[in-house]
Amino acid sequence: MTNFVTILRRDLRLSFRQGMDSLMVVMFFVIAVVLFPFGVGPEPNILARIAAGVIWVAALLASMLSLERLFQTDYEDGSLEILVLQPVSLEVVVAAKVTAHWLTTGLPLIAAAPLLAVLLNMDAGGFAILILALALGTPSLSLIGAIGAALILGARRGGVLLSLMVLPLYIPVLIFGVSAVDAALGGFAARPHLLILSGLLLATVALCPWVGAAALRQAMRS
Amino acid sequence: MTNFVTILRRDLRLSFRQGMDSLMVVMFFVIAVVLFPFGVGPEPNILARIAAGVIWVAALLASMLSLERLFQTDYEDGSLEILVLQPVSLEVVVAAKVTAHWLTTGLPLIAAAPLLAVLLNMDAGGFAILILALALGTPSLSLIGAIGAALILGARRGGVLLSLMVLPLYIPVLIFGVSAVDAALGGFAARPHLLILSGLLLATVALCPWVGAAALRQAMRS
Amino acid sequence: MIHRFANPTRFLRLADRIQPWAAGLTVVLGGAGLYFALFSSPADYQQGETVRIMYIHVPSAWMALFCYTALAAACATALIWKHPLADLAARATAPIGACFTLLALATGSLWGKPMWGTWWVWDARLTSVLILFFLYLGYMALNGAFDDPERGQKASAILALVGFINVPIIKFSVDWWNTLHQPASVIKMGGPAIHPSMLTPLLLMAFAFKAYFVWVLLMRMRGEINAMKIRAVRLRQVHAAEATSADAGAATGEAR
Amino acid sequence: MDRMNRFFGDNLTCFRGGRFVFAGLSFAVEEGGALVLRGPNGSGKSSLLRMMAGLLPPSAGALAWDDGRIDEEPEAHHERFHYVGHADAVKPVLTVAENVEFWARLRTPEPDTRAALEAFGIDRLADVPGRFLSAGQKRRVNLARVLAAPVRLWLLDEPATALDADAVRAVEAAIAAHRARGGMVVASTHQALGLDGGDVLDLADFQGEDLDID
Amino acid sequence: MDRMNRFFGDNLTCFRGGRFVFAGLSFAVEEGGALVLRGPNGSGKSSLLRMMAGLLPPSAGALAWDDGRIDEEPEAHHERFHYVGHADAVKPVLTVAENVEFWARLRTPEPDTRAALEAFGIDRLADVPGRFLSAGQKRRVNLARVLAAPVRLWLLDEPATALDADAVRAVEAAIAAHRARGGMVVASTHQALGLDGGDVLDLADFQGEDLDID
Amino acid sequence: MSGMETFLEMGGHAGYIWPAYGIVALVLAGLWLASRRFVRASNAELEDLNPRARRKRGSGDEA
């Protein structure tokens, strides 16, 4: 547990010292969403109709893009090799790094979401559920993405590769995240969808650190 | 000119030897498009309405993602340092590398576009213009992106940073690319839009190699 | 101890014996299957002649699932027992599986247009097969993305295992969600609910595809073994060059 | 360093990329002992050190402490050694002291960072961010990490790389002090590194023959 | 090597990371001459070499050839030298010959790649892809690039890194031949590199005092 | 209409059935060809590289 905190604090400190990091992810999120009014045309009805989907897709892409570096810098400068050789269980390392990542990128993303919903003309009735769904969904994205981030260590073209592996696995989160918001907007109960999202979160919390640790371990065997 | 050919041939050779590289960009393109039916819902009418926009946005993102590595590998393994110190004008280097990049990623992207249009239920009448617009627009994307790719060298979190710099600059291409297709689908003349795209292409061809070379030069000063 | 380090002669001998049989079976079963599928089976009372697409669509879809299962099994073997042939088998399986998945998608689309009036719908069965296709491609891309092939094999093996959850999703998608797509009628509890005149070509084609799989798999594994050997020889050359340059240097040093 | 200990490898084989890098290699390091790995480029020095660290599983043979094989309890093994590889793991935005302290904190709650920095003459750089360091200064930071959290065994892969003469002397002194306290050292090196009374293992003696490929 | 030439720096100052790395440094290399850069870690050897290549503009002072300052005509300057830094720029998917040839072709239409490979004993590896090479072999490929397209000045940053004794001798021979042909060399090194009759510049003599920061 | 023509027409669905069979034939044949080329190319490269094969050839030349 103290190790979890030590690693978490160090990663948070690295992120704060590097200043712009979490801001950058939010800005990507915003820009990606803003592209759509240009692409689809400015009609409010259409935009409102696709708002939840666009916001979720942009969140997926932002999460994936920021995850590329989750282990990469540590791998390149040799920190990961040393980290793997500490008397610390690797699952704890993965969990701490994912937590730090979510705190610095997932949270700001959630904070920015209502703003984008306004931009896209989404009905205000869906805001609360959108935030709740993002709060339940983005940690899953970070956890799933951590596996991919561990697998691409040492590969050529990590970024594109990561998207190929991770985006298909993100789809369940996308489906239930969007349907929760759509249900709320359509006047149905969003609870079942949110429950499924929670279930996905529990499953990824339980599984992903282990798989991620296994992936890290094999990345260091060479 | 011989230097242009030398560098172009080397970059093409690198890309072919690494096999999957250009395929991967196409795959990202496809997956990014495929996310939308999940996000927006499967109704064919809505999908058809937003098809052109979604395809163009995905093309923007794919282009941006693949551009991240345009100079990155050369920078990391020291090739770029040596390249900058050759008696070759840096504008030629940038032009050659962008050409190679477009041939290996832009062209396959254009080839995949009609397939995605089918998946999104787009009317077959827009296919030809979609391809034409992409053929005129993607070289501009590569050229604009090259500037960003040069600016992020040595930066942490290059990927996200690149998107912040490049995506806003992509918006004109996006607007006229989409409106050309929409015009064709709506039965209007697509020509004016295509002409503007050609104009953008001419402007970027004239400007971007210079700006990119300047960016490369300052990236190596350290 | 030596053959623990991947001396594949025994496997190659076995492959030599199986390969002609696999090739022969592919041709014979495939020929017979085509004959039944195109000439001697009746048109369906509902679907008309288009039912003939079933004889290639369904076996392709089965193979897509079968190949992924085989891929995951090979990857698990490689990760747990570290058998080097398992890595090669996985590498060789992936492109075959990807091709069958592509065929399932293409033939399904060609069947969907006359039956449902559209090339593509975003229902659970169809999209989960599309995701299966992406998983194959992701596996192959990751596998080839490393300079050291051993790293690529380990990393992509983990990906293949993670992606395996998609297989039950495909299988049961028609039961869990109501979709346009047919539920299982051949492989299900209580025996097949399909007329024998259609079952014959279906099974013939299915076995022909299996035989084709074995045939091409053995060919590709041969190639992968060669690639492994080429790499070993290359590394040895590099090492030998290092050693001899040291010897030569020492010799000239003495001469001086 | 509570009890007597011995770290040894028995009949180790390294098979990489289709050839035997080394075969039938055995070694043992006792309390206070040192082992110097020598051999030409590509003879397997780095591979052997990674094997000792548990990063690379041996193709045959086993590595063990007196009380058990290292692959049975990896975390207990990790507790007993420090590994210094080629990369220096210095974070550009953390200061020298923060860099060293992070690593030490994963092993001891109250590490003595300052003494470790002093040993390598970088105490004056304690508050300098890592991005301002030269290659040799980074190497010293990486070595200071080893001193800040005492363990039994040091595994050093070419520790003298990029170091100037003074720094090399500091490393030698640190190793001598560590051994005097009963610690053990395994180090690979191209240059002469003064390890008095250490055993020398020449990897060139264990080059395996090649498998026949047909 | 058409005409007499002299490469010199006058009163150079390097200000990096908030301090003077060196100040008031002057040097000159004549035809057939050599300059060896020495100094402890962080004294600015690499910085000076990058300055000579035009990669790092001097904070004060100027670098010039007989016929003009280097920053006035960068491309003419580039034509006159090869720079060998820390990274070896060997593409893993290109063969050794292709790697060397690409660089040489940017300077001469018909480079003599094979002779360059022979000089460093890697001609037998000509068809081997770069990804199979060891660190030492990659270094030699990078050095072979220098031989394949002859120029007046070589700037070498620790050329002996990762090389074993024989390879170091090959480098020394190549430098001697280059100088005999009238070429010039500037090299930084920690080890002894046999450059007969070369000047030695000890960077430790030019350490600037720190600015007072208050 | 001859029997052949009705057969080829497939009850009006020829436009779907024949392409389906065609793409199957194309992809399976393509994969087979690619695999065979892969084996042959790797065989040839190995032959070129193999020290033993070269030794045999070399000794033959000398004799």
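All chains are identified by letter, namely A, B, C, D, E and F, in their written order; residue positions are counted from 1 within each chain.
By our rule, a residue touches a chain if its C-beta (ideal position, glycine included) is under 8 Å from a C-beta of that chain, and two chains touch if they have at least 3 such contacts.
Model, not experiment: these values are computed from the prediction.
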item	value
Chain F and chain B - chains in contact with each	C
Which two chains share the largest set of C-beta contact pairs	A-B
Greatest separation from chain D - chain, by CA centre	F
Approximate Å spacing (C-alpha centroids) for the pair chain D, chain F	53
Chain A and chain F: spacing of chain centres that average the CA atoms, whole Å	44
For chain B paired with chain C, centre-to-centre distance based on mean C-alpha positions, whole Å	33
Two or more partner chains touched - positions in chain C	134, 137-138, 141, 145, 147-148, 229, 231, 233-238, 242, 246
Interface hub residues of chain B, defined as touching at least two other chains	18, 24, 27, 31, 38
Multi-chain contact residues (two or more partners), chain F	50
Contacting residues of chain E [partner chain C, same complex]	92, 121-122, 124-125, 128-129, 131-134, 136-137, 164-167, 169-170
Residues of chain A that touch chain B when the two form their complex	18, 21, 24-25, 27-28, 31-32, 35-36, 38-41, 46, 49-50, 52-54, 56-57, 60-61, 65-66, 68-69, 73, 156-157, 159-161, 163-164, 167-168, 171, 174-175, 178, 182
Contact set on chain B toward chain E in their complex	2-3, 6-7, 10, 13-14, 17-18, 76-79, 81-82, 84-89, 220-222
Residues on chain B engaged by chain C in the complex (per definition of touch)	19-20, 23-24, 27, 30-31, 34, 37-38, 42, 44, 118-119, 121
Residue ranges of chain A touching chain C (in the complex, touch as defined)	147-148, 151-152, 154-157, 161, 164-165, 167-169, 171, 211, 214-215, 218-219, 221-222
